[in-house]
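By letter and in written order, the chains are A, B, C, D, E and F; residue numbering begins at 1 in each of them.
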Amino acid sequence: MNRTVAFFVTMLTGLLLIYSTLDFPPWGSPNQPGSLHVSPRYIEKTLEETKVPNAVTSVLADYRGYDTMFETSVIFTAGVAVMMLLRRKKDG
Amino acid sequence: MITQHFPALIVVLPLMVSFIVFVVGIFRVRWCLPLVLTTLGLCVYFSVDMLYRVITEGSPIHYRLGGWEPPWGIEYVVDYLNGFVLVGISVISFFAGMYLKESIRDEALKSKMPQFYTLFLLQVTGLLGITVTGDVFNLYVLLEIASFSAYAIIAMGSRGADFAAFRYMIFGTMGACAYLLGVGYLYIATGSLNMGDLSMLLPKLYSSKTIIVGFVFLLSGIGIKMGMFPVHTWLPDSYSLAPPGVSVLLAPLFTKVGAYVLIRVMFTIFHPSFSTDIYPVTDTLSFIASIGVLFASVLALAQRDVRRMLCYLIVAEMGYIVFGVASANHYGLIGAIFHIVNDMFMMASLFIVAGVVFNETGTSDMDGFKGLHRKMPVTSFVLLIGAFSIVGVPPTCGFFSKWYLVLGMIEAGRYFSLTVLLISSLINAVLFFRLIEITYFEVKEEGAYKIGEKNTPFSFDNLSLYSLIPMVFYASMVILLGILSGTIVEHIIIYALPQAFKG
Amino acid sequence: METESPFLPVLTLIIPSFVSLLILFTGKRRPNLREFWTLAGSFAMFFSVWSMLDSVLKGRSLEYHLAFIYPDLSFSLKVDVFGMIFALLSSFLWMVVSVYSIGYMRGLNEQNQTRFFFCFAIAILGAAGVALSGNLITLYMFYEILTLSTYPLVSHKENREAIKAGRKYLVYLIGSSVFILLAMGITYHLAGTLDFVPGGLFDRGDNNGVLRFLFLLFVIGFGVKAGIMPIHEWLPSAMVAPTPVSALLHAVAVVKAGVFCVLRVILYVFGPEMVVNLGIWFFFAFFVSLTVIFANIIAINQDNLKRRLAFSTINNLAIIILGATLLTPDAMKGAYLHMFFHGFMKITLFMCAGAIYVKTHKELISEMEGIGRQMPITMAAFTVGALGLFGIPPVCGFISKWYLCMGAAKTEGIIFLLVFLLSALLDGVYFIPIIYSAFFKEVKGGRSIKGEADLSIVIPIVTTGVFSLLLTFFPDFFFRVYTLSDMAVKIVRGG
Amino acid sequence: MIQELNFIILLFAVITAFSALKVKDLLSSIVLLSAFSFFMCLIWTEMGAVDVAFTEAAVGAGVSTAFFMAALYNTTRRTKD
Amino acid sequence: MMMDFILAKFNYWVYVVLIMIGFYGMMTKKNLMKKLIGMNIFQWSIILFYISIGSKKNATLPIIMDIHSHAPSAADYINPLPHVLMLTAIVVGVATTGIALTLLVLIYKRYGTIEEDEVIEALKK
Amino acid sequence: MVRDVEDVIIKTIARIMVPIMQVYSLYVYVHGHISPGGGFQGGCIMAASFILLAVAFNLGEAKRRLKEKAIAVFCSLGVFIYAWTGVVPLFFGGNFLDYSKWSHILPGGEVMARYYGMAFIELGVQIAVMAVMVSIFLDLVTAGRHEEVLGKDDDGFYSR
């Protein structure tokens, strides 16, 4: 791609992103919506509901376990893809 | 009852069978095809059953994965919109699976059939999952599954396919990353990932810069994945070079699923007024799509390679859908939704014809179609029906979606886009009648075909049933969808519209 | 006869489609059976149309809804007086043409006869559908079917010229259908319905500018098929097709369908009052008059008989449209009658040209000196047709032209009377020399072949020739055209 | 979390990322990418995302680099830009 | 005041810079391996963004060990959800890298080069 | 890295490191519930140990311990374990992946069943990740030619 076009597009993206940061909640603030809406339950209930102290594991494997299944499937897909693309028979 | 688990099973079953096929393929290749077909057949059953239940009960089916309630766990929702799209996807993929075996003639590829089937099923999993999911992040993961299998399968195609796949991968990853970024923006502002929850939380935040930029990123990510105009450049190469059997699955479905996600994002996650009243999103989209449709149509006109031409047509058809979405009214959206499913079948029938001809003549150049109708009457007839549908001749389904689109665009007053649509359908006519002329009126040179003169009573076109059945089925669906259009629109699509457009 | 069943219009459409399938499946192996199907189908279809005549005359209309489309629309068939005229014409002439084409195709031993008969049947399906359709969207569908099915007929010969003509045909017609689609959309948006209503769909209060634009769109859309002048170009070049096809194009189905659609739009979508109110009728009529004159002038210079006939067709179609546009009862009646009569006369002429081609392989008028002595019956029929178009009394063309002139005389635009007279005169200018040289000049280079063409070619010619004469004296004979057009005028004028 | 540390590591990350793209030898650029990955890993640890950091250490700096190396072994180190 | 503002946004700005670096590299580099590296940087910076969302001042790792004391309060622990999402994203990133490198090896095998323009040149023949 | 490496130090260290890494990966997996770590990380470390084997010794060494077909079976086995853990609750009236329904089979009540369920799926992830990573590495490093790994042959990759 043309360098000037690419530079222009990059700058545009950068400006857009910086523009958007103006409305971000401050970094590390405990009162941002991201920490208030869904996640408190994971922290407060993980022991009670799953007996797993590590909230990351409990969310990963249980609350959002379905995502993780597909994450593993992604890995599997990659494995099959590489196998199919590269491997060939000894006498082929 | 097992029926209540269909929303999960329709995704999980092909996934699980793909593992089984992978292992079974190491030992017994013969068992793969029946397994794949059974699975896809079950998927068809699941999707039809779910759509039927949605219609009879009149309310969407919610399914909680892991038993966790929605904003915390992942939820699957089947409503009129995605129930309808699901049926389209599963039906197309069933018949594409049937054709897959037949389409692979290459010896080197034949030894990899199990892997092929595995990736095929994963692809179907991804597409079905994208459609059925109600969680924005889950959508991302499924999108990646579908994309990965697409990259790999495309790379198995003819010369240059590996490079095309690489380019597709760069673009696709960019798109997925943009989508992920958009999801992040929504998350930082709301703290939720569930679509229904987001649609409730977002309206208060519409003036936030975060949300606007997030929306832009979501849209551009989806735009890349669905091959919208300025970022469509990956599409023609990769779909036209893919193995013919696979492009029957990929080309009709992947982009349409993207269009479905576009509708979801614009009208379910965000309230329609966000993109119509608050920000001029629809105007912009309509303008971009107009240019894209013109561009793609003109480029399609310049192609000699039929599959490549079809690929450019896909870009144009995506533009049509965007027209419908961008008119943002009753008829326009009916047109868009209807066109999603119509276009699946139209493109499937055309791509399967292109695939069959490619396999028989060894080329997908237009010259390969010379005098085709003498050797392969059924194939050329299917080509005829597909072509009529794309041009928009009444009894076929292409006309009806175009009709709704035109109505919607008139109502929205988008005369520029309307002109573009009409010009493009004119160009489509020129394109296809050139092809039909070659097929029906030009005489082939001797020895241009590999087909023998065998003329057994149950063999049409010298093709086996594995290619004939899908071909004839797709063509008949094109007509059937047209004839039943009124019923479909009245009983399904109207209810699939967002509340604001029901009127 | 009991004709109340709404199934009859459907039956009328099912017959040709069924026949086309039968032709397709039996065609390759058994040509005789295939031609039997064609004949049987054409007779059955005419009978089915004719049996609806009674109830139409009683003022009832038969309606049937084929398939539902969502916003209060459906593909619906509706038999009304105006449609009946066209349906009668096309179904009757299909019979004639199918007998003729069997003779013609066998005589010339043409290739791909199965495809020919198949497409022919489909084309008739399209024409009948256009005649019987109850709203614009149905009309559009059958119009497209008609277009697409005649395309293979036009490029039937599969040589370079034929393919080129076919391409031109398609580009023009598909292009026009885009305009129709747009116009339909706008119509639906404005009026909320697409059904044909005698006297128009639109309210007075609607935006005049948009309506004028809409009228333009419709005229461009349907006018292509009707051969209005700047967009008529496909019609002469389509003359490379076999003669039965030309006959079909010109007399039976295609251009007549175009004219029919234009009249439908003027009278049933806009309505006479609206057309006058919008102030477009004069411009439109003037425009069409130009077509009348120019087509005649061009026709004089053509040496190829079929091309000359083609321009004559353009002229006559324009006359029909002009008559309807004048909007006086007499002119409208004349237009209806001329639509019907012109079909008979023009098909006679074309079949004569074909007969000459089959027998002598001559296409140019300059080669046809003395042909009347070789083929007296054919040329006699030709004379009848030509005189009819000229407007000479014993042939039916006289009646319709009379009404047209009467109608024109009653409008303020007396100029249109002159147009009619001039066109008749010019008709004479290019037909009389043919007849003269055919009968009174010696054959060049000795006499080649004596005698008429095959019986299956002569019989249709004679039939239509005789009908052309009969309809003069008994315009209400058998088809009840006179009554029908009377009724049609009354319906449109509202009383 | 310590602001200054965060600041410095982020700076390093940017520098490594930039130079990974700038270096005209693919092997070096992969090593730099690996370093970038490692700095990212540090940032995340510092932000309290231990699981992610762990994964990143195992994947980004470990397996992924091994993949790159393996691919490099079968292609070329030469690059024009 | 200004310092506070900068500190509050600093992480986000760095991530923007990283995204721009990755994006620019992805678009302009002719070498396919370089493109890939750009892509990796792009993905990694998005992960940085997510992790930055999740961070919380005066909070500790999301591992709840004080079983015997009172019920844990959400403010004391870092938000685990972005971490989970990013674990998935990292895995996706590795898988992408794997497939991309495979394609790269294939391309090198067939055309003898991994420069984009040279590959296009080779394909034209 | 494909040829046999003639370096005693590397070989010795690798010989010591590989078992340690493997044990550590199991530790990471088992402790995933209470400390950072889990199936994915464990799988990666396990894969890294095999990669180390391949790098330090030769490819044959790694392949001798992990056969090609075994890798393929492990790949799908891992994900299959995951999916099956999710399917079993369907038989007991739960939703997909609702581990609490495992309590019908396992002791300890619904909450402990969730704990065990997570352990199962992490095991699946570990196996799958390990197998896939090793497989991808081996394929990449040999460019698919598992049997004859040395030298670059000039014939086309596929006979097409």
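Criterion: a residue touches a chain if its C-beta (ideal position, glycine included) is under 8 Å from a C-beta of that chain, and two chains touch if they have at least 3 such contacts.
In this text the structure is predicted, and so the values were computed from the model without any measurement.
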Problem - Fewest hops from subunit C to subunit E - one hop per pair of touching chains - result: 2
Exercise for the section: Give the chains in contact with both subunit B and subunit E, ordered by label. Expected result: A, F
Completion exercise
The chain whose mean C-alpha position lies nearest the overall protein Cα centroid is chain B
Fill in the blank from the handout: Between E-F and B-C, more C-beta pairs in contact link B-C
Completion exercise
For the pair subunit A and subunit C, the C-alpha centroid-to-centroid distance in angstrom is 68
Exercise for the section: Determine the centre-to-centre distance between subunit C and subunit F, using the mean Cα coordinates as centres, and give it in whole Å. Expected result: 78
Handout entry: Chain centre separation in whole Å, for subunit B relative to subunit A (CA means)
Key = 26
Exercise for the section: Could you give the separation in Å between the centres of subunit B and subunit F, each centre being the mean of its C-alpha atoms? Expected result: 35
Completion exercise
Contacts with two or more other chains occur in subunit B at residues 15, 19, 22, 65-66, 108, 137, 141, 144, 148, 151-152, 155, 159, 162, 187-188, 193
Fill in the blank from the handout: Among subunit C residues, those touching two or more other chains are none
Problem - Per-residue multi-chain contacts in subunit F, two or more chains - result: 34-36, 38, 40, 72, 75-76, 79, 83, 86, 96-97, 99, 133, 136, 139-140, 143, 157-159
Handout entry: Touching residues on subunit A, where the partner in the complex is subunit F
Key = 48-54, 56-58, 60-62, 65-66, 68-69, 72-73, 75-76, 78-80, 82-83, 85-88, 90, 92
Problem - Complex interface listing, subunit D residues touching subunit E - result: 1, 3, 6-7, 10, 13-14, 17-18, 20-21, 26, 29-30, 33, 36-37, 40, 43-44, 47-52, 55-56, 59-60, 63-64, 67-68, 70-72, 74-76, 79-81
Practice task
Spell out the residues on subunit F that touch subunit D in their complex, using ranges where they run on.
Solution key: 1-2, 28, 36-38, 40-41, 44-45, 47-48, 51, 55, 133, 136-137, 140-141, 143
Exercise for the section: Could you pull out which subunit B residues touch subunit F in their complex? Expected result: 2, 5, 8-9, 12, 15-16, 19-20, 22-23, 26, 63-67, 106-109, 158-159
Problem - Residue ranges of subunit F touching subunit A (in the complex, touch as defined) - result: 32-36, 38, 72, 75-76, 78-79, 82-83, 86, 96-97, 99, 111-112, 114-115, 117-118, 121-122, 124-125, 128-129, 131-133, 135-136, 139-140, 143-148, 157-159
